[in-house]
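Two complexes come next, and they have one chain in common, subunit A, joined by subunit B in the first and subunit C in the second.
== the complex of A and B ==
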């Protein structure tokens, strides 16, 4: 008997007992759906928690501040700031050259005057809308091509295009400054703000401040760690503002001198974001940065704890899914045993015309395998759909809270494991019935039939 | 036949389920993206009306012009001084403006009318300012006349004649502000800006 014969016989048997087949496949499908949706949900929740902990940045990131480290820096995830210490090019090179450092993204910031448009109409008509007085804010510049390496999470819109001089992303601090809530993020997308970089001009004994004003469109609202202030733009945008401010005249007047000191750009970089080669490198790299003389922060203790907890949750939920699959396997075994009992005469005929034990075993194993694979396929797709529906509900809730949503995807590994795993489990469950069918003596099978 | 119907039905149900799940309920906000354009610099020179008083940072006419009539790629620098007339513009502002290499400069000298400066002197200083700005550059210079309420009618008329002559002699574009009537600072800013915008 060939494999093709075995498959044809298995399919014929499935068609003949259609009702039982549907129920068996449904049991496997439900179990596979449960396992798939649980694994997808765990994966999405874990990445959401890690995103929240790392503020959307890499888990292996370290934020370096322009200050010396204070006592106990290495025992704390947060920065323990000592005296201000400028981060210059030499410092950036030293940190980049440290063992375990994968990349370093520089942050540059500039103090600017801001003219914001009146808050756009928001959903709540009863809310008091006030004109926004010009205010002083901070524009942080980054290489927008490398923004993916930074702890920046887009809440609404899209990030500014690289090297853009007239597009910015705003943070929650901006929304607060213009009297909006984080749930109103979409309302500011497409509005225009004016930035005035200050410069001190000598005028008699004193000085006068003149702004270099530019207009920028708000294209995104982001949650950002490390980039202190209200705005995130391109490096070029901030460097132009800093160059204008840095060209200030030297003045004698006390008030003007005080203002000049405030404006003075003391640090080339307002911060560095260091991405290490792995989670294990975070501690040693932070120690080395502290030794160089800079304060730093990284959520390493927090991430380690979250990792431990998420692994426990993953094990528990996987166990629940596996128990369901085990029950489904018992269902397959039961259905196959019933099939063996019903088909004793058929088995006897097969053996009488020369089929060997292994041929009979193969027919039953193929049937079990087909049931398992079909159930696994339907269940995995169903489980993915279920996870997407749950994800939609969760995202609706999160966006209502002004938080970024979860991303529900079907990893290839889960898809393949769902189908192959169900098939293998069905084969295991079908082994005993197949074995029993194979060992059935031909005479007994015919006689009993 | 029955098997085929059940299989087809199951596939349709699963496909509909997955399709439904794939639909996102929330529409993402579509940001307005940066349009490519040449960077340009606009510099405003003049006295108090250009410098602006307290609270006029947002509504002063040069800013309204910058905000409403110039492309987003424009940069704006206001070099005006609160008490500056044509002579002060020549002495304090014009060299700074030249260093910035502006593409567009606007000048008004309303303060001279209040101070009773000789019209011929104002005209001479203004001509020198424009010539200095245009010397070896492609800077476009717009010179505004005095609005009717800037001073007594005869003073305004004399100064406007001098301003117009200076602008014509130096290759600047004259902007006639004789139609400006509003006294409300916010409305006046928009009114003057729209006259300048029409001359661009």
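== the complex of A and C ==
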């Protein structure tokens, strides 16, 4: 008997016992749906938690600050800043060349005067937002083509186009500075802000400050860990501002000198963001950076804890799903055993006309496998839908809180594993009934007498 | 073998392709649920010439069905020997016995033995599927056989839509599918009315004649037994008179 004949016989048998088939498939489908939705939900939650912990950047990132390291900084995730120490090109190269370093993204910042746009309309009736006075802020420049390597999460809008001189993203520090909340993020998109790069001009013993004013459109609101300050723009934008400021005159007056010291650009880079090759490299690379003489921070302890807890949650939820699948497998075994009991005479007839034990075994195994695959297919699709629904509800809640939502992707691996796994489980569950059917004597064809 | 029936049967019955049967000192029994044994056949000797048509009669429990089961390879020989053609059944086991059933024997059961999930044609084809006959050839031969038993128009019907007589005719078509050398029928008319019984018996006779196979029909009905060349009476597991 060929495989094709076995499949035809199994399909016919399944169709003939439609009610039982539906119930058996439903049991497998429910279990597969439970397991699929749990795995998808756990995966999405884990990635959301890691996103939150790493602020959207890679989990293996290290923030390097322009300061000497404090004793014992390696015992803490946070940087403990010592005395200021400029990060120059040589330091950047040394850190880039460290073993375990995948990439290094440089951050450049400049102090600027800011004239905020008129306050936008906010959604809450009765809440009044007033125009703020011009203030001093920090504009951080990064290579916007590599912003994906930084711990930057877009809360609203889209990041500025690379090398743009007239687009910026603002951080929640800006929102606070202009009296807005994180839930108002969308309201600032499209508004224009004016930057004035300061420059000190000598006038007698004292000096006067003049700004190089430019306008930029706010195109995104971001949560950023690596970039301190209120604004993130292109490297070109910041370098132009720094060049203007750096050309300040030398003045003798006490106040002017103090202001000049504040403006002085002592470090080529305001920080570095180091991406390591793996989570295991974070510790050694931080130690090496400390040895070079810079302060660093990385959420390695936090991430390690989160990873441990998320693994425990994953194991527990997977176990729940597997228990459900195990129960479904028992359902398949029970249904198949009942089928063998009911079809003793048919099995006897099959053997009486010459079917071998393995032919009979194969028909029953194919039947069990088809039930499992059908259940797995329905279950994974249903489970995915369930996870999407839960994701929608969670995202509604998170967006109400002004937080970024979870991403429910299309987990093809979970799909494949759900279908194949259900099929394999059904085959295992069907082994005993199939074996029992194969061993029935051909004499069953003539009845028990 | 007795001289009277030792001659091969030819002529209007067509060319004989059947097998001779030689059973010697066959003893067979079962173990009851309480552990005690019960002998069904005791030191049975039986000879059939190739192409012979024999009725086996006897009371219920005389061992008719067991004898057919042994000759058909549905059970292993416990004691004694049974040779069917060149096959010594006492030496066959597992796949070899399945091969014997597939290639040598055609079975017709009292309860028809049709698979309820398959159509009449598929039931006939099933015997050929088990013998790995290519699908196209199966279909052609299956339709020919159904046509021969007068059921060409019922090919696509499920057994549940067939009458008892029709079901048994489908079963006969299936039994003939692999051109067996030995056709065994266990109470083939036991579940049929008189009209259907006559039709089925005619068909069995025609089939046996047309295919030249050896035929054994187990029946408790004297009228049915009288149709065949010889009647073998079983009485408590042995040949009676």
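Just so it is clear, the second predicted complex is superposed on the first by the 443 of 449 C-alpha atoms of A that agree within 3 Å, B and C clash if a C-alpha of one lies under 4 Å from a C-alpha of the other, contacts with A are read in each partner's own complex, and residues count from 1 in each chain.
Keep in mind that, in the parts below, a contact is a pair of C-beta atoms (placed from the backbone, for glycine too) under 8 Å apart; a residue touches a chain by one contact, two chains touch by 3 or more.
Since the structure is predicted, the reported quantities are computational estimates derived from the model, not experimental observations.
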| item | value |
| --- | --- |
| A:5 touches, of subunit B and subunit C: first, second, both or neither? | second |
| First (subunit B), second (subunit C), both or neither touched by A:13 | second |
| Which of subunit B and subunit C A:425 touches, first, second, both or neither | neither |
| First (subunit B), second (subunit C), both or neither touched by A:350 | second |
| Subunit C versus subunit B, contacts on subunit A by residue | B |
| Partner chain(s) touched by A:329 [first = subunit B, second = subunit C, both, neither] | neither |
| Contacts of A:392 with subunit B and subunit C, given as first, second, both or neither | first |
| Touched partner set for A:147, first subunit B, second subunit C, both or neither | neither |
| Subunit B/subunit C common contact set on subunit A | 15 |
| Subunit A to subunit B touching residues, read off their complex | 15, 18, 22, 115, 134, 156-158, 160-161, 164-167, 185-186, 189-190, 192, 194, 201, 203, 208, 210-220, 378, 381-382, 384-389, 392, 395-396, 399 |
| Contacting residues of subunit B [partner subunit A, same complex] | 2-3, 6, 10, 14, 17-18, 20-22, 24-26, 28-34, 39, 57-58, 63, 66-67, 72-79, 81, 92, 96 |
| Subunit C to subunit A touching residues, read off their complex | 65, 68-69, 72-75, 94-95, 98-99, 101-103, 107, 109-111, 113-118, 122, 126-127, 129-132, 135, 174, 178, 186 |
| Complex contacts: residues of subunit A adjacent to subunit C | 1-2, 4-5, 9, 12-13, 15-16, 345-346, 348-357, 359, 441-443, 445-447, 449 |
